[in-house]
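Chain naming follows the written order as A, B, C, D, E and F, and within any one chain the residues start at number 1.
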Amino acid sequence: MRILVANPNTTEAVTARLMAAAAAVKAPATELVPMTAPRGVPYIATRADAVIGSAVALEMLAERHRDVDAAIIAAFGDPGLGGARELFDIPVVGMAEAAMLTACMLGRTFAIVTFSGGLVPWYNECLDWNGLRGRCAGIFALQGAFASIADVQEEKEEALVALANRVVAEAGADVVILAGAPLSGLAQSVRDRVPVPLVDGIQAAVKQVEALVALRPAKATEGTFRRPAAKTCTGIPEALRARFERRDG
Amino acid sequence: MRILVANPNTTEAVTARLMAAAAAVKAPATELVPMTAPRGVPYIATRADAVIGSAVALEMLAERHRDVDAAIIAAFGDPGLGGARELFDIPVVGMAEAAMLTACMLGRTFAIVTFSGGLVPWYNECLDWNGLRGRCAGIFALQGAFASIADVQEEKEEALVALANRVVAEAGADVVILAGAPLSGLAQSVRDRVPVPLVDGIQAAVKQVEALVALRPAKATEGTFRRPAAKTCTGIPEALRARFERRDG
Amino acid sequence: MRILVANPNTTEAVTARLMAAAAAVKAPATELVPMTAPRGVPYIATRADAVIGSAVALEMLAERHRDVDAAIIAAFGDPGLGGARELFDIPVVGMAEAAMLTACMLGRTFAIVTFSGGLVPWYNECLDWNGLRGRCAGIFALQGAFASIADVQEEKEEALVALANRVVAEAGADVVILAGAPLSGLAQSVRDRVPVPLVDGIQAAVKQVEALVALRPAKATEGTFRRPAAKTCTGIPEALRARFERRDG
Amino acid sequence: MRILVANPNTTEAVTARLMAAAAAVKAPATELVPMTAPRGVPYIATRADAVIGSAVALEMLAERHRDVDAAIIAAFGDPGLGGARELFDIPVVGMAEAAMLTACMLGRTFAIVTFSGGLVPWYNECLDWNGLRGRCAGIFALQGAFASIADVQEEKEEALVALANRVVAEAGADVVILAGAPLSGLAQSVRDRVPVPLVDGIQAAVKQVEALVALRPAKATEGTFRRPAAKTCTGIPEALRARFERRDG
Amino acid sequence: MRILVANPNTTEAVTARLMAAAAAVKAPATELVPMTAPRGVPYIATRADAVIGSAVALEMLAERHRDVDAAIIAAFGDPGLGGARELFDIPVVGMAEAAMLTACMLGRTFAIVTFSGGLVPWYNECLDWNGLRGRCAGIFALQGAFASIADVQEEKEEALVALANRVVAEAGADVVILAGAPLSGLAQSVRDRVPVPLVDGIQAAVKQVEALVALRPAKATEGTFRRPAAKTCTGIPEALRARFERRDG
Amino acid sequence: MRILVANPNTTEAVTARLMAAAAAVKAPATELVPMTAPRGVPYIATRADAVIGSAVALEMLAERHRDVDAAIIAAFGDPGLGGARELFDIPVVGMAEAAMLTACMLGRTFAIVTFSGGLVPWYNECLDWNGLRGRCAGIFALQGAFASIADVQEEKEEALVALANRVVAEAGADVVILAGAPLSGLAQSVRDRVPVPLVDGIQAAVKQVEALVALRPAKATEGTFRRPAAKTCTGIPEALRARFERRDG
């Protein structure tokens, strides 16, 4: 099984983190195919960034969907996920949805813990989009700046562990999601320092997308996720345009 | 007061419809500035289309925001609205939110009536994004195809009036929103044929954006709609890129 | 356009505040018609007060609705609004609904800040009636007594600004509504001292009612806001009784 | 134990119906004290009627609260209930809340069945006020007019039984509330003709208010239902005014 | 009227507390029949305990339902309530539902205060099962261990009163439920030390079950609470098995 | 990896169906360990049945949890799941939760389709327990009786396919869950006859439990799913009693 790990951020170092964490949990037969956004922002944090990231994610999937069995949109917040699920025939999973749905099987409530307050509004919208407000004990972020998106995981490790512990004690979270692609792998490395299960977005996404492929769901031919009718469009990269115009089969 | 009417669809005929309906209700001192999407899809209908339309909407506002006092994202569904509200200093209003919020002052429940079932999933997501599920008596669409987006209003007028009447009788809607930019102006022309108030998206948006300008709200400098910090990005049209990178003042 | 500003409190000084704030934002062609409650309580604060204020509001509209194009129920909490919307043919807007709906176009969440804890329960019920719980970051009030309802705005200005700032920092509100008729005008005067948009109830109501008049919505002849059938009643002031009994045309 | 049955409608025949149904279930030691509204509308049906009925209900309680141990606001929809609960020291129960809360102990979902569609909007607001939307299988009304409010119960008996049966079969209601004071007593007389438990508003209210008196809850001296501070008011009947002004002890 | 007070805990001392508190509020003609769980856990606290308690509750009712007019499942959390309501013909009421529904007639919001944090998750699930999240100001528990379930009421009286007062002041609760069978009777003894109404679970349950018996609701013969069809089963105590297999009439 | 497939029904034929469907999707290295309830009901359908099934599920896991890496509670409705998650150290997944959470990654809304109306109330409670009401397009059941639980899948295949198609067309479901252990395997065999993705409960559960094992979540040592303190109990099968009393390590 080949799975596209589409990082809609332009930062290669984040892709490397994603791949390392993903490799640690993938099934033996799974081949992970990395891809870093060829355009866009270095790190999607705001709603405005997510608009760009959503378009980029569709472009990335349009380039590569024929070569893989499934795809992960590898930014917590899942830019472009609904559109991707309409447009492509393969299963597509978002890191945030995978993390949250997985967390639901480990407790009644999950908290989302991340490294920057700037991410909270977008994560809040993602939570509502998933309809999981009632399962969420809160979204919590460190305050203050960080030095580099590539190394924020090491820089903030102590602070994140402390925040996760506080969230368990004070907000009553049964599970903690360590959210944001730059934190990929952290859940495993600090597993013994937080007294509830931790969930890592990319790892959850790898297992969820493997599950979907194994279950062989049919692509919808009716309903709101059937592939849209052909529509002529302009000013869009060729691969995506071909997909919209149904010139690609 | 100058208001940008940014149609994120590429169909000029829809812009013309929007402008005609807008002109009928604008205040004397308001000047409406039309703009049609320079790239994208002819008519945004699906979630995938909305991803493209969201990016295009930000690009359009980046081009013109310095020339106007406020802007309308003139597609029902409000592509890119949250991002635009972060990124720009002027008030930005979406057609769907304006229609729904206006409808709330005319009754307890509103129904959304539109001309194509393909629009319903996207409208549903927009309704949830606005948190107004509890005020909505349902989203209802005509079945079957239409000949041309430019003339769907005339083609389907009888069917839309019949559907609106059925929705009032059977779904208990206090207000009916005639949704979709191609229906602009229809609410006024069939006003006497439906026994509850009708709301037209662009007309509601014009009045709401005029209201916001008159109220002179400050641009947030804290909170989730403050302008994001500068962020280098690549592969994005220059005006929008300058806005992201805060090179534009 | 003539708009009735119906203050259902008996305090003339509050009406004066309302009119001053309203005048600052009204359109040039709008004429505002003030009216102070001829009976009732000096200032509606509790649910019991609101029962009285609701009846008084209907009486006031019955007296004057033929002379105006629209009306504002000018107490935050909107006493009698649903009944007024049934009974009269003109648009009627409440200060609270106008403030909350306007705030929804300026951010994802609004906080309501007011000068007395006694108002909170009633405001809470109003929030629920509008179905906007999911958009509200909380209702916050100063603690302690105030000297005079007429001058509470000046007396508490510093404390209200401090509370608004705290609400932005701690409750994550994107917008702050300064609620209560005695605070009319405060939002504009402290506009630069709170880092998010402020909304003033009467100012929002003026713009919203102007918007409704411009949109010319038909009075419902079906549905839950059609005018009720004639009903004989007793012990009710003549103008209102005539309206209930449909003797007034 | 003396219980005031305050009918906020002016129709004596409805009070008689209420008293007969109440007498059938009251405890031996309970004395029921009937009171018919001295002013207002013959039958509260709309939101506008409820505004009047709310004020009348407070006036009635102000007249009689010193003579009784508790009171029932005997109109389905509970006009003035929140205000009454603030203002008076005795327990006050509404017919609708009593019916709905009682129904919750007989099934997961209740349906509300009534004789006139005109009542539905008001009942809907009452349902939301009680926060019980999730327990309600729907509000259903007969269509068409009725001859007399006094005799609507006999006139519509067959139609109401048929509607109740349909609601059980099609809407999945576990319990049916026969709503509206004019239907008082009907639940017992048609008990064997509907295959789920029926709830009668006044009978539920009698038992609930007896329960509250037996439990001897303290009147709140803090929180949102403490008695409001004295407030001078004008144009209000003397007994109620004395209560507002705290001149009555 | 004979009412079974079925304590699904195995602790006799808790049954004694329940009976004493129940006796203080029952109607003169009511006879209370105590029963302590013959097997199970000493005190149901966790979800796992509740699984055992639910089965035990059905077994207890199967033993005794023919001898009584109604039954109370006398553990806050209401183990087995839904199943009991299906299986038996008599009214069955849970202590938690009775307390919460009663509290709804004494204020807009209730808080649940209990003596051990270990109970909170189960109470949370019970709250959601009742659909009353919107009426609840929170579930609050003392921290730290207690010496004996039989005497926890006296041991923790001061701490519980202090917590109840804090909850009123800080969480805005209109009513406080003192939850957990071991606290039976406490609400009356500390009635004057908390400034809002207190509700006692067993006392509320006695009055509610008396109310249901007086109202004579029919057992459902359709809908989701009709008695299930006969079903052969194995390994279940004889009385309950006979009920499942409909061999008991 | 060894996974216990604990069927809390006593029908061996259902276990066989579960195992066949599970085997079709399991990973190569996964060993499935079947177990049929040694006591209880042949098929859990009602809330009362679920009470029995919940206790039986805990007993089954107590017997076998030391021999496996994870467990599936293999009845749609997930009897005893919350308690099991507290009590045991291994991951435990329910068939209903696994199906619903998996469905969330295949569309916005899922419908639950089953073979008997008697199951609907219990499934409704399970849906609410999972907090996924907003993602569910409805729970739909065939009407009428079936001949045998072992063969209901073949008997009703045509009717279930027809119902699934109707649900897609009329209720707008993006995904259909074929619910109930006796339908195990049906989703794959009718995959091409329904135009949206189908989800099979046991297959989803196998993949989800494999995912959890791969992710190696820590057992909570704080929060609401930490293992409960030792508690002496009586009348409970020895293995479960040892687990409650913490005599098993």
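Rule of thumb we're sticking to: contacts are C-beta pairs under 8 Å (C-beta built on N, C-alpha and C of every residue); 3 or more make two chains touch, one makes a residue touch a chain.
This is a predicted model, so every value here is computed, not measured.
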Q: Count the C-beta pairs in contact for E-F and for D-E, then report the pair with the higher count.
A: D-E
(Q) Can you tell me which chain lies farthest from chain C, using the average of the Cα atoms as each chain's centre? (A) F
Q.
Looking only at residue numbers at the chain C/chain D interface, is the share used by both copies over half or under half? Answer same or different.
A. same
Q. Centre to centre, by mean C-alpha position, how many angstrom separate chain A and chain F?
A. 27
Q: Report, in whole Å, the distance between the mean C-alpha point of chain C and the mean C-alpha point of chain E.
A: 44
Q: Note the residues in chain E that touch 2 or more other chains, in rising order.
A: 82, 85, 108, 120-121, 125, 172, 224
**Q.** chain C - residues contacting chain B, complex
**A.** 25, 27-28, 82, 85, 91, 93, 97-98, 101-102, 104-108, 130-132, 134-135, 168-169, 172-175, 188, 191-192, 194-200, 203-204, 207-208, 210-212, 214-226
Q: Going by the contact rule at the top, pick out the chain F residues touching chain E in the complex.
A: 10, 38-43, 45-52, 54-55, 58, 80, 82-87, 118, 120-121, 125, 128-129, 224, 228-229, 231-236, 244
